[in-house]
Amino acid sequence: MINKILAAPAAALADVRDGATVMIGGFGNAGMPAELIDCLIAQGAKDLTVVNNNAGNADSGLAALIGAGRVRKILCSFPRQTDSWHFDRLYRAGKLELELVPQGTLAERIRAAGAGVGAFFTPTAFGTRLAEGKETRHINGRDYVLEYPIYADYALLKADRADRWGNLTYRKTARNFAPIMAAAAKCTVVQVRETVELGQIDPEHVVTPGIFVNRVIKVL
Amino acid sequence: MINKILAAPAAALADVRDGATVMIGGFGNAGMPAELIDCLIAQGAKDLTVVNNNAGNADSGLAALIGAGRVRKILCSFPRQTDSWHFDRLYRAGKLELELVPQGTLAERIRAAGAGVGAFFTPTAFGTRLAEGKETRHINGRDYVLEYPIYADYALLKADRADRWGNLTYRKTARNFAPIMAAAAKCTVVQVRETVELGQIDPEHVVTPGIFVNRVIKVL
Amino acid sequence: MKRLDRNQIAARVARDIPEGAYVNLGIGLPTLVASHLPQDREVIIHSENGILGLGPKPAPGQEDEDLIDAGKAPATILTGGAYFHHADSFAMIRGGHIDICVLGAFQVSAAGDIANWHTGEADAIPAVGGAMDLAAGAKQVFVTMEHLTKQGESKVVERCSYPLTGLRCVTRIYTDLAVIDVKSDGLHLVEIVAEGLSFDELQRLNGVALKYRAAA
Amino acid sequence: MKRLDRNQIAARVARDIPEGAYVNLGIGLPTLVASHLPQDREVIIHSENGILGLGPKPAPGQEDEDLIDAGKAPATILTGGAYFHHADSFAMIRGGHIDICVLGAFQVSAAGDIANWHTGEADAIPAVGGAMDLAAGAKQVFVTMEHLTKQGESKVVERCSYPLTGLRCVTRIYTDLAVIDVKSDGLHLVEIVAEGLSFDELQRLNGVALKYRAAA
């Protein structure tokens, strides 16, 4: 019997190795998998490359992971916030590499990884500093920049409900990057508010099918 | 007040011009917008380019449109079926141009049009006859073919429920190409089984948001 | 001369947003536009983080941490709204489905280039968010800004000196002094909005040449 | 020599599909694999037209025109299944999320090339469906076919003479005579399945050289 629901949260991330690329869901705090990030901090992996829209807020979650010195590089669209002091400090000290990616390009690059697209031409950022050095092309009257997929070893996500096959639903704007990150990572680990019996999620309402999910943890 | 629900089906397609590109939803008969196709036949536009997974079955729907000689070119993945005689006859007579596209490439090209992607590299069909003459590239250890978006003037779709903002849900595998075609066409026309009050579709369960829908017709 | 305040600029923008439009409002002044839309006009607001039909701020105590807007402030959703993921959300933007986006800016050029994401200072931590996607993707890009810097220099310029967000994308500029259309042949004054400001004085302040055809 | 029949080939494939696998079954013989999976083994079948958790054929009278499989036959969905649209469905395929796909073929080459979509006849109306996507995208591509043509020629060949569906993608071949792995150094016999067939005779029929290491 397939059962992706794990009993012990620690087991969910035991195999994360130093140098891994980890996608972390969430837009600000909505959809941020706080408990899984705490697990990752406790687990100890370092030299991580993190993919998230932001670079952490205040002292918990992603900010705590960054503050603990575990992150070598971050790919995000909006690192600078009023309470991104851990990021700011390490970035200014040259201890944290930043790859700044426009938000839609970030989303599409993640989607491309999960969808088997090798590269794509996007109009976003053409002619700007963020396209410097990138291949461009004029297609059908418009200028485009070539962008590549972002693959990950792990995706750490927060969803609302899951069944034992790993089918997921989300709550409101906590959905954000989770469905595309689930598909882009080799191992997708999800914390959920509620686990339900198979069949409790209507097949029409599944947002992330279990094919993209490896491990589920219920967080109380 | 926004109200995309039209009273008279004929009005839904009155402005289709000769030479238009028309996407038609459906995979076989599931999701095939039979009544809208009948409207299009009655409306009279010709020299159409049609995008559908197939090339019509038996004598109704898309097959009838083809049989009536209205289609100049068809983009599809699987034209040949036991009952595709209208297509077969016109194709063999040299009166119907065929662009054969692998099913996943067809879907991704339609998706690219709606998503503002100028072109993309796909591994599908590399080294085969269907990639002849196309640009290829070796990326990260793998070979890819460059493919371009398929844009349309109209999308004719069948959905299950719609509200006056054009939010849509589908039934089972009748969903197929409809959500991506809705986004790829300049004017998306949808026939539905049921129209409902705004708010009757849970925001979590909307499959095609109304932003992609222009006109809705209830078909009894 | 009496300049418009931020709410008056937002109200002036709101006047130009038609019934049924799909609109994305940037953070700051653009966000104010929502509260100036007429009650009887249905406009559907898109939020990059996955909402169509963004509603007003929630009442105190009604906040939901899973329901926020693109500025990460507590939000609501209107009846008829929809949730979706980030790739779908930016497909809407990049694919040209947003009728109007309203952005703030440091500078706008006569060609419609916009600079709004980076001051160009060497030690600044850069952050771009969805600005470049909106600039490149929306059918119309409206810019709201004060017309002049604190030093009195025009933010409407021949060429932007700040790093660009997007090229040739701005269609209309709303400032505390004027409303200006960006067209292929240059800048066209639509309306002077500051009371007591003459065309000649606006032209002097604006720097870049303004075309103007008085209503017949 | 007693060759396997179609159901026996399907049953042999089914043995190799592990619990929890995500599997796509092509039209024809591959479809038969589903009915040979052990009842106690959960395998999730993907259908290109937007199903994960494809179930058995519906009982007569229970057909639903909105619920069909990739072969357009009436279908059912298992408890725990999901529906999705075509771009998402082929993202699963192209993105390497399908563990195993089972395809029929006209020919398979020693390098793992597969030809299964076109006879190469000049006047044939071509049709490809999802075959090229599956060949390019699935983690493992299993091929089922009769080993020999009606003329007695091997369908396992040095180089395919029919138009290709995909290059270097087949991982295992199941025929009425044998199970053969395709590896970087050539073809490896896994098992002779036809009763009374010797390795030497199989080698002669197969044409292309087969490696074989008997179990220790």
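Here the chain labels run A, B, C and D in written order, and each chain numbers its own residues starting at 1.
The criterion applied here is as follows: contacts are C-beta pairs under 8 Å (C-beta built on N, C-alpha and C of every residue); 3 or more make two chains touch, one makes a residue touch a chain.
Since we're looking at a predicted model, the values are computed, not measured.
The interface with the greater number of C-beta contacts, when A-C is set against B-C, is A-C. With each centre defined as the average position of its C-alpha atoms, the distance from chain A to chain B rounds to 32 Å. Rounded to whole angstrom units, the spacing between the C-alpha centres of chain A and chain C is 29.
If each chain is reduced to the centroid of its CA atoms, chain A and chain D end up 34 Å from each other.
Across the assembly, chain C contributes 77, 83-84, 87, 90-91, 93-94, 136-137 as residues in contact with two or more other chains. For chain A, residues that reach two or more other chains under the stated contact definition are 108, 111, 115-117, 122-123, 170-172, 203-204, 207.
The touch graph of these protein chains has some other shape, matching none of line, ring, star or complete. Chains touching one another form the pairs A-B, A-C, A-D, B-C, B-D. The residues of chain C lying in touch with chain A in their complex are 47-51, 64-68, 72, 75, 77, 83-87, 89-91, 93-94, 118, 123, 125-133, 136-137, 163-167. Chain B makes touch with chain D in their complex at residues 27-31, 53, 77-81, 87-88, 91-92, 98, 100-105, 107-108, 110-111, 122-130, 143, 170-180, 207. The part of chain A that touches chain B in the complex is made up of residues 108, 112, 115-123, 137, 139-140, 142, 144, 148, 169-172, 203-205, 207.
Listed in rising order, the residues of chain A touching chain D in the complex are 1-2, 111, 113-117, 163-165, 167, 183, 198-199, 203-204, 206, 209-212. If you check the complex, the residues on chain C that touch chain B are 19-20, 22, 42, 44, 46, 52-53, 77, 79-84, 87, 90-98, 136-137.
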